[in-house]
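These are the structures, in structure tokens.
Consider the two complexes below, in which chain A is the common component and chain B and chain C are the respective partners.
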Partner chain A sequence: MSATTKNRYDVAIIGAGPAGMAAAVEVTKAGLSAIVLDEQPAPGGQIYRGIETSDEKRTKILGPDYAAGRDIARAFRDSRAEYLPGATVWNIDSALGIDVSLGQGSKHIQAGAIVVATGAIERPTPMPGWTLPGVTTAGALQILLKANGVVSDDVVFVGSGPLLSLIAAQMLKAGVKPRAIVETVPQSRYVAALKHLPAALGAASYLLKGMAMMLSLRRAGVPIYRDATGIRIEGNGKAEAVTFTSGGKSHRLETTSVALHQGIVPNQQVTRLLRCEHEWNKSQHCFVPKVDEYFETTMADVYVAGDGAGIGGAVAARLRGRLAGLRIAEKAGRGNAQERRSVTDALMREAKIRPLLETLYAPSPEILAPADETLVCRCEEVTAGDIRKAVDLGAPGPNQVKSFLRSGMGPCQGRMCGLAVSEIIASRRGEPISEIGYYRIRPPLKPLLLSELAALESEEAVPVDLADESAALH
Partner chain B sequence: MTGTPMADLIVVGGGLHGCSAALHAAKRGLSVIVIEKDNAGRHASGVNAGGVRRLGRNYAEVPISVRSMEIWHRIEDLVDDDCGFQRCPQIKVAETEAELETLAKRAADLRELGFTHEVIVDQQELRRLLPAVAPHCVGGLASLDDGFAIPYNTTFAFQRKARALGVQFFEKTHVENVRRDGKDWHVDTSAGTFKGRNLLNCAGAWAGEIARQLGEHAPIEAIAPMMIVTARMKRFCDAVVGGCGRPLSFKQAENGTVIIGGGRRGYPDPKTNKSEMRFSQLRYSAETAIGIFPIMKSATIVRSWAGIEGRMPDDIPVIGPSSTHENAFHAFGFSAHGFQLGPAVGELMAELIATGHTNAPIAPFSITRFANS
Partner chain C sequence: MFKRAEETGAPALSFTFEGKPLKARSGDTIAAALLAADERIFRTTPVTETPRGPFCLMGVCFDCLVEIDGVPNRQACMVQVEEGMQVRRQSGSAEVIS
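Then we have the complex of A and B:
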């Protein structure tokens, strides 16, 4: 592995999590040139963040699933892929040219194929008080835990999903007892999920792990409130308490630290920028890029591997990365059909747990239909009520609402509000969300210095007619 | 669709010009249908830089622009919405003495034509108006009572007001063919046929095809002017600023974000309604912005985009009656500076359609100027 020297690669891989690392290993094994662009300083992605530098104690806290990332990172380091850490991809054009910022300026890279391995983000969780200081997401807490072992005590976890109990259990192992877990899973979901149990038994290890986590929390005396509704985070200028109803009683838990979580969803920014087609996945309750059996999108030579193609977990992410890599190699005449088939089989086994998880941990109805006064777009301070009013005025979709209210126009480019805005519009208009669609995503994908754009290596200026002022001034 | 929808006027295109003409026609008592292939304001009307300027216009456009400015100054009376309109100076900055001389000549020309809204400002006055301007800038040409508005909100407000006056909008409806049947126009669309007594072509970058079906030549080119918006910055600029020697359009919005345009063009694809950025060109806009406002060195871009606009070879629009058919009219090809003209052109088109006559000086904009090209 060496520092980048070229501008052209057979394959550019965006993201160095399990999918990106696995894809890099496969394509370079087949003799293709590859570059991996990643924002982090070291490989691992979100799931294996800090894997190369994690000491024994931290690795023990994070568990064997985390430790499994070590071998993946090592194989990646041993591969012939070029690796650019600290690299922020800010644009990809339709000819697969990539603009990437390296902090000290931008570089343009031309790729023959692209593997988008940018993973998942936490689902936006608009609820009363979610923007107060002291409120964070469970994922953000886990980043602290992985990056430097820092964890706060007194945390009240609110929401649902396997990650919620995982992080709570990891904190417990780290010696910091969470204050409570407030679960939003309605009782009826357990019944609905039952029918998926036989299939999930095919992936029994996941079920056992989940049960062990809950057991450890309960044994340690962490209060678990089930089927919580009417959740509000209260406080004057900062979080002071969480109030909710559970078991027919109202509760008020005083805390200065709240971690929200409602599952994870694909990070669509890159595939939306590229205008790949997306579809609504009812079971996962999110948009996913349309992909074929090899994870190629509707845009030729653009693949999306890992959770970005629909949530499948870390093991599936790695398999999908391998599969995409093998497919790219195959298209280049360097295929290994047998290996490809064995990866496909393993992926099918991996998928068995999903229907159960997706039924049980579907997002809470409350965050899908936030009250009028709840902030939805944090960057531009747009409430759910503002969005409903714009719809009532005739705004037909997220892009018109965005133009009208500026929701999604802030520095996060709609990552924090996009799904919620589409949900609110769909329900107000009484139309399926698949018809309502999502924000158009514009470059730069991440904020870019104007001076960095000005310093871009470039072609000659195309003359603009100054005789008429039209070009100069609108 | 049950039955054939009919109206006194069918407008093709739901941009600002289509919405404005529909609104004004409805005020004159006409029944109006607007057919739009996307949603109103999807392209140039909704995503332009929002400059509302008389400054620097082609001399032929000045009278209409001046009339439009009168409407803009009281825009709420027309559409019950302020459209985000802010009154402020528009200034073209001269970076050299030679540029200042060119601007001075223009101001003198306009005075001779009877227009006094463009005035020369010297270096000292320029600094007073633009404290953050680079030291090398020597002066400028200003129109002090111009301003800017929010493009999508403006087009949406015109659409809502038109709707309130009874105009019917058919969005996501694609016009396939226009034809004359007896005294009526038949407009075949993806949602069936519409019938109208009059036809108005406001189809922007797509208007050339409608003109062709009327047997008229309009060499329109689709362009994709690119724009940048920055993260919020401390207030430093209270005017809309343009370049003289190099293209620029620059303004700080009320919320502190800075919007930079300047005619650098991306790649339009009118067939798919999409456009693509061309950063290797947009870099020149960034360079010019930093050159004229050094404070922009520390600015951060959060988004960029390009709308699809129709441009005529001589950079002025087509406005007026069809040369081949009665009861057919054109208002398109505004060549990336039609936003300010929207209110007045809609007004004069409605007058022309309803009465067969207008006093507005539209002769220079006749489609016949391309008849032999």
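Then we have the complex of A and C:
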């Protein structure tokens, strides 16, 4: 590991989670030069957040799957890859030139190949009250625990997915009993998921872990409400209660902390910026970039490894990173076909649990069809009803809705509303979402100061159109 | 409410939020330190001036925007606390909310 010294690299890797770290190790092992750009101050990504600083006690709470990140981070630190933490990629041009914001200035890097390892984000979950302070994603609470050892003692978890029960179980181990788990999985899903059980038995360790988590929560007396519908978060300026119907009864749980989760989806910003082709993955209910068997996108020499190529989990992310790295090395005449095959085989084993999880924990019908008055675009405060009205007035897709309403034009640049907006338009127009598409993503990927642009090292490297509306920030 | 699950012995840092002195631990982001102090409201929105707090804590949602040492639009979840930092709520309107 060394500090950054130059501007040209055989490979630039964006993101220092399991995929990015593994790709960096593989390409440098093959003798290629590589730089890893990551927004966070330390490696690990969100899945291994705080992995280098988490002490024994905290690591025990988070469990062995988290602890596995230590070796991955160590191998990355020991590699010859250069590592630039605190670096925000804000533009990439078609010749694979990368503009990076370092807080105090911008840097331009020229790459021969790019591995996009920017992982996943939590699926947008529009519902009444989801913008109230005190409402977070479930992942946010896990980040607080991993990175800071901060916990909340009255959390109501709302939603579905393996991460929801994992985080609830981790909180329990940290000594704070969740107030309740409000599960949104419709009863019918269990039946539908059954047919995927035989395949999932090929990844039985995941099933056993899931069962152990649920058992620990039940033993501790954490109330679990099933098949909850009509969920609302109430509060005057802050979250105060969650109301819902479950088992034919209305419930109201008072709490100051509500954690939402409906699974995770690929973070598409970089692959959309690069105009890589994306397709709708019906089973995962999200857009994924089209990739070949080595995770190369439709844009030559641009790879997307990890959950960004479709949700596969942390173990698969690392394997995908390795595979992309091995492929890049192979193209440079430094291939290792045997290793490549063993990684491919391991990836196939990892995939066995996915159909069961994807069927059981598909997003809840309620968040896919929010009520008219529910806010969808958090930044510009645009409701589902506004979007439907714009569609009725003739807006055929997300980019026209954006022009009508400013949805997706605030500082988050559509990250928090994009999928929901496409979903609402598709359902209003009665067209498949694959036809509706997604926001067009433009630079800068994150808002940046004009002083940073002015501080660019070379004058020719200013590819951004400053008049672009996505740069606007209130 | 939010609290620290453990004592790590990490060095303490002092900073202010809306002029109020608060403690953080070395390595804390501003968002983590404010939540640990059970502060929930980080800003008000530009459109309807309603209060918001951190939502994703991973740099995606931009709901934790605050003013740090006079510079607005900073993501509290992406900036680490430094000794003596002055943090203020980012107000959607000209008036400072209470």
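We take it that the second predicted complex is superposed on the first by the 456 of 474 C-alpha atoms of A that agree within 3 Å, B and C clash if a C-alpha of one lies under 4 Å from a C-alpha of the other, contacts with A are read in each partner's own complex, and residues count from 1 in each chain.
Operating definition for what follows: a residue touches a chain if its C-beta (ideal position, glycine included) is under 8 Å from a C-beta of that chain, and two chains touch if they have at least 3 such contacts.
None of these values were measured; they are calculated from a predicted model.
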### Task
Look at A:Asn148 in the shared chain and tell me whether it touches chain B only, chain C only, both, or neither; answer first, second, both or neither.
second
### Task
Tell me which partner A:Pro411 touches in the superposition: chain B (first), chain C (second), both or neither.
both
### Task
Based on the superposed arrangement, let me know which partner A:Thr229 touches: chain B (first), chain C (second), both, or neither?
neither
### Message
Under the stated touch criterion, which partner chain does A:Leu453 make contact with: chain B (first), chain C (second), both, or neither?
### Response
first
### Task
Would you check which partner chain A:Thr136 touches, where first means chain B only, second means chain C only, and both and neither mean what they say?
second
### Query
Between chain B (first) and chain C (second), which, if any, makes contact with A:Ser283: first, second, both or neither?
neither
### Query
In the superposed arrangement, does A:Arg58 touch chain B (first), chain C (second), both or neither?
second
### Task
Considering only the touch criterion stated at the top, classify A:Ala174 as touching first (chain B), second (chain C), both, or neither.
second
### Those residues of chain A which chain B touches in one complex and chain C touches in the other
410-411, 447, 473-474
### Task
Show which residues of chain B lie in contact with chain A when the two form their complex.
39, 41, 46-51, 53, 55-58, 90, 92, 152-153, 156, 159-160, 163, 171, 225, 228-231, 240, 242-249, 255, 260-265, 274, 276-277, 279-284, 286-287, 289-290, 296-305, 315-316, 335-337, 339
### Summary
Counting only contacts in the complex, chain A reaches chain B at residues 91, 93-94, 99, 275, 393-397, 400, 403-404, 406, 409-411, 413, 442-444, 447-451, 453-459, 461-462, 464-474
### Message
Considering only the defined contacts, which chain A positions touch chain C in the complex?
### Response
39, 41, 46, 53, 55, 57-58, 61, 121-122, 131-137, 139-140, 143-145, 147-154, 174-176, 237-238, 256-257, 267, 378-381, 410-412, 415-416, 446-447, 473-474
### Query
Mind pulling up the chain C residues that touch chain A in the complex?
1-6, 8, 25, 27-29, 32, 35-36, 40-42, 45-48, 50-63, 65, 73, 78, 80, 92
